[in-house]
Amino acid sequence: MLSDPLSKYITGGVAALVVAAIILGFVVVPIVQGSTAEIDPWTAICRSLGIQAGSPARRTPVAKTGARPVSDVIWDKATLERLNHPNREVGAQLAQEICAACHGQNGVSPDSKYPHLSGQSALAIYKQLHDFRSGVRQNELMSPVAQALTDEQMIALSNHYASLTQGTLDRRLIVEANPQVDRLIRTGDTARGIPGCQSCHGVGAGGPMETPTISGQRRQYISTQLHNFATGARRNDVFDRMRGVAARLTDDEIELLARFYAEQ
Amino acid sequence: MPIASERDVLRSEFRWGLLTAAAVGLIFLAILTAALAWQINPPSNVELIDPKTLHLSGEFTEDNLGTQVQGDSVTIRMIASQFAFLPRCVVAPQDRPVTLRLVSPDVIHGILVTGTNVNTMVVPGYVSQVHTTFTRTGDLLMPCHEFCGMGHSQMWATIRVVEPDAFTPDAQGRVACAQR
Amino acid sequence: MRSVERLTLAHLWAGFAAFAVACVLGVWQMWVRSPLTAPLSTPDHYYQSVTAHGVAMAYLLTTFFVMGFGYYVAETSLSRPLPGKGWAWTAYVLSLAGALTAAIPILLNKATVLYTFYPPLTGSALFYLGLVLVVVGSWIWCALMLIAMGQWRRDHPGEAVPLAMFGTTANAVMWLWTTVGVAAEVLFLILPAALGLTQTIDVGLSRTLFSWTLHAIVYFWLIPAYIAFYTMAPAEAGGRLYSDTMGRLTFVLFLIYSLPVGMHHLFMDPEHATGFKFLQMTLTVLVAVPTLLTVFTISASMEVAGRLRGGTGLFGWIRALPWERPMVLATGLAFFMLWFGGGGGLVNMSFGMNAMVHNTSWVTAHFHLIFGGTVVIMYFAIAYSIWPKLTGWQSPNVSLQRLQLWLWAIGMMVMTLPWHYLGLQGQWRRVATFDYTNPLIAPWGKWVVFSLIGGLILLLSAALFIYNLAIMHRQPARKATTSQSYALALHPPHHVPASLNGFRLWNAVVLVLMLLAYGYPIAQFFINPAPGAVVHRVD
């Protein structure tokens, strides 16, 4: 293959350049950089290869760990698998025995204080039940209820309500919004750093896994939750997602949004 | 009109090739010099972390975020998630080396800090780490610069650079912005 | 009309149709981002449009153009019928079906993941399957190019493969290497997630595999433009190609340097270490070389033409060139835009400076200028040049072609120069809504509007381009008289070394370079896997 001089020159040239780049990039540069940061040469080289963490040019700060979590729920493969395999009879039975008293037959709540559950996302219900049980979310009615439930029961209940297609909770929007609300739900407010509600709560939004369906929900419930997030009374939204949004909405906007989503 | 012989053609091409090699070599040398003299590297930090359990325990739980001083190192820890940074405002001292550490619990995000050389992707599964020194005081805008979903345009944070006298850590070494 | 003409026309019209739609979307997108009020300006529509615009411009315009032009070059430069025309039509149908299949979920807002697919954001499986089909069709094209060149070489032992075909086949070889990255990402990582077979996805590995494709693909787009520079422009100018050898060398250098450099798209990523970024940065510096060589060789070729036409003095030959010929004009405009686009590229690939521009409007400006400007203007020129041979009709009004080219170049400069500036100011990418009340952002507004004006000029140019092609399909166009011919070299090669007449050596070099540059960076994801990120469905 290397029969002609041109191919020898090019191949040789490329080889020389690559060797130079390797020596410079993996040895010379890391060692020189490391020396100014008092990182020993071997560590610097390991960092430049990526077999150790950190930059070859700067010391890495020591991480302090600790602190309590805002929610115990993690969306890993195991949890998602279990949520996909519920015990359906248990779910229906428990819903009737335990939940229907407040949340109504088939998850359609008769009382404006209690949220509809019919058609809600299974992941959303599961997370809230879990958080009630662990205490990171507190409610005098729900906390004792949840504490009495096993994980398998929570999974069954979550899937039971998710499978009910009464059309009560449904992400599709059917009533149009006035311009102010429309802007808030679709675009949000860039100046305040509020994303549009639909960017998580909409169909196919691709937002956080536990995002509940809010269109069709009880107006008073939505309003109460937003106020609770705004004051920090409710803080089981992971990484401040809803607290940050709610704290930046005005009271008027909260009422408008609650009304809008309740109408859907 | 005399037309160059094939030899002349190749010789002129060769000379131009030398010029090209010199120009390209100069650029390469400039980059190498910056790397050696001022330790200028793109941010790289092959440090694995589980995006699914960030909120449970460890370095990036909610209470551990923000600016923290340990000894003489200043570390700013932030979460980049759909669709906000946490904290939305952090304080940094002027003219001191600062390390930013960011993680994502969900999708790819990215940050730049306007007017500075801070720029990094935040990839779920990894801790992004950027070393810098802020030279100017003021509120710097730190937007999310990578598409992360519908709320991407509304995702931004503030880095408040304060003069060294105004940078006063509390007993735990923490410094926070006045308002949320 | 022989069937290669029908084949080429079918491909080019498919590409240009996607292009036309994408131009309209692009202008609307700029309107949305500006301080002016645009209709339907919500994020879901905006990102849907960004996805469609990116897919159409980056995958459809380009692939169909390269394939169509390649078939044409294979038959006309080798002076023999294209082998396997049935396969070529099959490939066309596959790619077209794939494009339409991908378009449906985009239109239904079930694939708003942008053309760069950002996993763990995951769209409808149909979207990815559609794009896979487009690529499979292009692989058939690659095979046909290799077969055509191979057959010719067997019948012409020891002779130099015509330069236009050598470049085309180099492009085909490079494309086969290039698509490995994205094919692996889509087939093994994204499709399983999209089909619900996996719940988490390795984001670092996905990004790395995509980066493999992401840089080399721009050379796949660019090589037809360079084929025009080397084999069409000198003839159109009335001269000769200064050096056939340098042409071959250029295509070889693109083949070896376009692939092991993709990590410069990941400079700001945490998952790769500085050493590998440095190595790929060095190789990226080298990929500037073939372009710089080309600038010299083509300028020299133009000088030959200019002096043959009576130009004297140091620069008199420039004025003597036949600028009224669209191909010559386009070459000049392309070279002008190349200085800016290429210069910007040198900033992007630099270790330290990349941090100043990554994910800012500078990047958007760079690739619109270098690809949308330098390369696409040559696509126009190629189309104008070969259309009469394809349809049998000449244009009745070549000045409209020149006008269209000028509008394109001017529009591109007006659109991208402000973007470069705004990028340096810190304006970031993929934003549907800017807060123009913010005192930092407010001054950007007028420049965004300026860019929008550039976009409108481009839209006008695009419409004129379609018109200029359409009128070459019927009377009152004049009957075409010339057949395809390629530029002769100043010293036509009697014998070229094997290394400049085939690709065996260079495939070996690419393999070694890829192993060094991407070997461990990919292996690390298997040796020490990062915890997967949960799939976020957008469909």
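The first chain written gets the first letter, and so on, giving A, B and C; residue counts start at 1 in each chain.
The working rule: a residue touches a chain if its C-beta (ideal position, glycine included) is under 8 Å from a C-beta of that chain, and two chains touch if they have at least 3 such contacts.
Source: prediction; values computed, not measured.
More C-beta pairs in contact connect the chains of B-C than those of the other pair, out of A-C and B-C.
Of all chains, the one whose Cα centroid sits at the greatest distance from that of chain B is C.
The mean-CA centres of chain A and chain B are about 24 angstrom from one another, to the nearest whole unit.
Chain A and chain C, compared by their mean Cα positions, are separated by 37 Å. Centre-to-centre, using mean CA coordinates, chain B is 30 Å away from chain C. Of all residues in chain B, those that touch two or more other chains are 35, 41, 43-47, 52, 106-107, 127, 129, 149-151, 153-154. The residues of chain C that reach two or more other chains are 43-44, 121, 271-274, 277-278, 282, 286, 432-434, 438, 524, 532, 534, 536, 538, listed in rising order. Residue numbers of chain A whose C-beta contacts span two or more other chains: 24, 29, 47, 50-51, 55-56, 75-76, 187, 190, 196, 198-199, 202, 205-207.
Across the complex, chain B is touched by residues 43-44, 47, 50, 114, 118, 120-121, 202-204, 207, 242-243, 245-246, 266-274, 277-278, 281-282, 285-286, 288-289, 292-293, 296-297, 300, 304, 307-308, 346, 350-352, 354-356, 358-360, 425-426, 428-434, 438, 440, 490-491, 524, 528, 530-534, 536, 538 of chain C. For chain A in complex with chain C, the residues that touch the partner chain are 1-7, 10-11, 14, 17-18, 20-22, 24-26, 29-30, 45, 47-51, 55-56, 75-77, 80-81, 186-187, 190-191, 196, 198-199, 202, 204-207, 209. Partner chain C is touched in their complex by these residues of chain B: 1, 3-6, 9-10, 12-13, 16-17, 20-21, 23-24, 27-28, 30-31, 34-35, 40-52, 104, 106-108, 110, 112, 114-115, 117-129, 141, 143-154. By the touch rule above, chain A contacts chain B in their complex via residues 24, 28-29, 32-33, 36-37, 47, 50-72, 74-76, 187-190, 193-196, 198-200, 202, 205-208, 238-241, 244-245, 247. The touching residues of chain C, when paired with chain A in their complex, are 41-44, 109-110, 112, 121-122, 199-200, 249, 252-253, 256, 271-279, 282-283, 286, 432-435, 437-438, 497-500, 504-505, 508-509, 513, 516, 520-521, 524, 532, 534, 536-539.
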